[in-house]
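Here chain A shows up in two complexes: once beside chain B, once beside chain C.
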Partner chain A sequence: MNMKKATQLALGIVTGVGGFFDIGNLATSAQAGASFRLQLLWALALGTILVIFLIEMSGRFAAVSGKALPDAIREHFGFGFWLVPFLVLTLVHVLVLASEIGGICFALHLLTGLRPAVWALPVAILVWLFLWRSIFSTIENSTSLLGLLALGFVVAAVQHHPPSGELLAGMLPSLPHHDPAKYWLIAVSILGSVMAPYLFYFYSSGAVEDKWDSSYVGVNRGIAFLGMGFGSLIAFAAIVVAALVLAPRGIEVDDYHQAAMMLTDAFPFWGFILFAAIMAIACLGAGIEVSLSMAYTTAQTFGWNWGEDLNPREDARFCLVYTGAIFLSSLLILFGIDPLKLTLFTMAISAFVLPFVAIPFLLLMNDRKLLKEHANGWISNTVAAFLLVLSIVLAVVTIPLVFLGGS
Partner chain B sequence: MKRLDLFRDVLDKQVTDREKTKMGRVDGLVLELREGQPPRVVSIEMGFVVLARRLHPRLADWFLRLRRRVHVRKQACYSVPWSRVLDVSPFCVQLDVEAAETPAFDWECWLRDHVIAHLPGVAK
Partner chain C sequence: MTGEKWIANGVPTSFVKTTWQSAREDLEQTAQDAAQSKARPAVRESLRDLISQTRAAGSSLRQAAEANDRPGAQLQAGRLAALRQQFEAWKKSVGPP
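Take a look at the complex of A and B:
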């Protein structure tokens, strides 16, 4: 492996960690731990295995074919077929982006006491400036390095000495002792937050931006496994901390204020500030990725010029898509929608739309004309088939669960 | 003879200009039916209205009505004769045109001059 690839691998892993952990993981982990202690760890473990495969496939696809997913799906299945996933993906992008912006606003609220809605526009401008003024690699590296602050959760989890028996038991699915609808809704939301559609769509466009070719297949595998694995470790730690700090006190998370207490036992003086900082930075990094993902998807769907490394004068429409998306999303927060409720609703919707966005992608992974010897083998296809069935089950059960276990 | 599958290799593919600037996708294909001879591809079409027509004719009508109020794009459907096609590769259909001078780039240029240019921090 040459130096450039080694650097890419290292950076990719850091990006994975930084990009993986976002407001969706934070909210669902806090809720899961507070309400069901370690009993929902299995949902996170299952989601992590599946997202490792999804990311690996999406990166392999981009490296071998030289095409990002939206580009290839429209080309291979036609506009009529791609339209539904495209519209669904657009809706999810806006909702997730609003949740991330809401997360940053809430973190600032924790630090300053000003209402989250007050921060909506300043935060929108901040996210926009990152995209407007930076180039792709700067964005990737700066936000993901700061994202490592989230390892604070891992440190806290270790300090609390989680009971190993309960940890292991949580890794296996079990039936809840109370509130079954809420239990399953959180399980679904965890899966939706871990297998976030923007994650694997964004990743393929990123690989094209970084000009990967078939020689990156190995590097890609490393990034998918280690990046997503480490990222998930943080979400894992967040569940553990919520279970050991919030659950014993009977605190259920129906407001981010309660979640903010998670780190104060492990870090008495600055736990609160650390929580706010992690929340703000994780959401900023993810917000930037989601905005870019939305712009990539739209530009590729219509064949416009795209690329974060181009000057905005060269890809006006691409830049205006993320500009519009950021300001539209911030309006939801400006109008006072509760950021936590929005996040939990969005994660359920993310799970609901999985079949629409994942099925065309999984079909493409078997196109031997495009991927040649790098097309899916039997292991990837077994996982893909399982994912297909699971995503359909999720789509069917999610909406009833939102009403039954509703937040 | 090189074989080209219209549906798989041409329709919906990325279109670029001479300089490889991405300028749209092959939204439609037009064939000419000739007496006693096989049909021939005469042009490719690009534009939202072409896409709308693929979904539903009424959607295309609605689009055309909307266009009467917005005068950015010179033609709703940009039709390029097949003779201007330079190359069909696995990545794109390359045309012998200059993107910025075609209707496919009218919106891009308009937004660049009327919106992007007024935002702070854009190099002139």
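Take a look at the complex of A and C:
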């Protein structure tokens, strides 16, 4: 492996670590740990294994074909086939973006005491400016490096000395001792937050932006396994911290205020500020990624010019999409929607839409004309088949659980 | 926990205020739900009593934080912790909903 690829691998892993953890992971991890201690670790472990495969496949596809997923799905299956998944993905993009903007606003609320809604428009402008002024590599690397601050959760988890027996028991699925509907809703939401559809669609466009070719298949595999693996370690640590700090005090997270105290036992003076900083940075990074992902998907669906490295004059419609998405999403927070409730609803919806957005992609991964020897082998296809079944089950159970578990 | 952390300089005063505001809204909602429930009057009465005591202690904690009165905040944080235990005992005595 040459120096350039080694650097890309290292940066990719950092991006994976910093980019994995967002408001969905934070909210679902805090709720899972506070309400069910370590009993839901299995959902995170399962989601992580599946997202590693999804990310590996989407990067491999982009590296070998030179095309991003929406572009290829539209070309391969036709516009009519792609229209429904595209509309579903657009709705999820808007909701996830609103959740991320809500997360930044709440972090600023923690630091200043001003209501989250007050921050909605300034945050929208900040996200937009970041996108308008930066090129892809700046966005990718700066937010991911800052996102490493989230490793604070790992340090806190180690300091709390989690019981190893309970940790191991939590890795195996088990039935809840109380609130079964809530337990399953959180499990579904964890899966929705880890396998967020925007992640693998964004990743394939990023690979095209970085001009990957088939020589990057190995680098891509390393990034998918190590980046996503280490990234999930942060979410894992967040569950542990919530389980050891909030659960013993009988605190359940039905408001971000409760989650904000998660790090104050490990870091008595800085814990609160660290939590707010992690929340703000993780959401800023993810917010930028989701905005870009929506612009990539829309531009590729309609065959427009696209690329964060282009001058806005060269891809005006691409820029218009992320501009509109950011301001539309910020309106949800401006009108006072509770950021935590919005996030949990969005994560459940992400799980619900998984079959719509994953099926075309998984079908494409078996196209030997396009991918030749890099098409899915039996291991990837076994995981893909499991994922398809799981995504259909999630789609069926999510909506009833939202009503039962949210009550 | 908020009071305990404020006393230890772990969270700012504005956080105590906003947390209390959000908790008060939840308490009001719970009080409304309790008033409309079909539970026995004695059960509803004991919950209403717990809610009003919690409301008073929370409000006092907020005032103590605003006045930077740490001993006062300590007292209210202790009251809230005791009320929490009473609430858990009440939940156990009532059984699952």
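Side notes on the structure shown:
One rule holds for everything that comes next: the second predicted complex is superposed on the first by the 406 of 407 C-alpha atoms of A that agree within 3 Å, B and C clash if a C-alpha of one lies under 4 Å from a C-alpha of the other, contacts with A are read in each partner's own complex, and residues count from 1 in each chain.
Just so we're on the same page, a contact is a pair of C-beta atoms (placed from the backbone, for glycine too) under 8 Å apart; a residue touches a chain by one contact, two chains touch by 3 or more.
Since the model is a prediction, treat every value here as computed from it, not as a measurement.
When the two complexes are overlaid on chain A, chain B and chain C sit side by side with no clash.
When chain B and chain C are set side by side, the one touching more residues of chain A is B.
By the touch criterion defined above, A:L364 reaches neither chain B nor chain C. Of the two partner chains, neither chain B nor chain C is touched by A:A235. Once the two complexes are overlaid on the shared chain, A:K67 sits against chain B while remaining clear of chain C. In the superposition on chain A, contact of A:L83 is made with chain B only, not with chain C.
Of the two partner chains placed by the overlay, neither chain B nor chain C lies in contact with A:V96.
Annotation: superposed on chain A, chain B and chain C show a minimal Cα-Cα gap of 35 Å. Common to the chain B and chain C contact sets on chain A is no residue at all. Those residues of chain A whose C-beta lies close enough to touch chain C in the complex are 109-110, 112-113, 249-251, 254-255, 257, 260-261, 264, 268-269, 271-272. The touching residues of chain B, counted against chain A in their complex, run 7-8, 11-15, 21-25, 27, 51, 54-55, 91, 107-109, 111-112, 115-117, 119, 121-123.
On the chain A side of its complex with chain B, the touching residues are 66-67, 71, 74-76, 78-80, 83, 132-133, 302-306, 311-313, 316-317, 319-320, 323. Residues 1-2, 5, 8-12, 14-15, 17-19, 22, 26, 84, 88 of chain C are the ones touching chain A in the complex.
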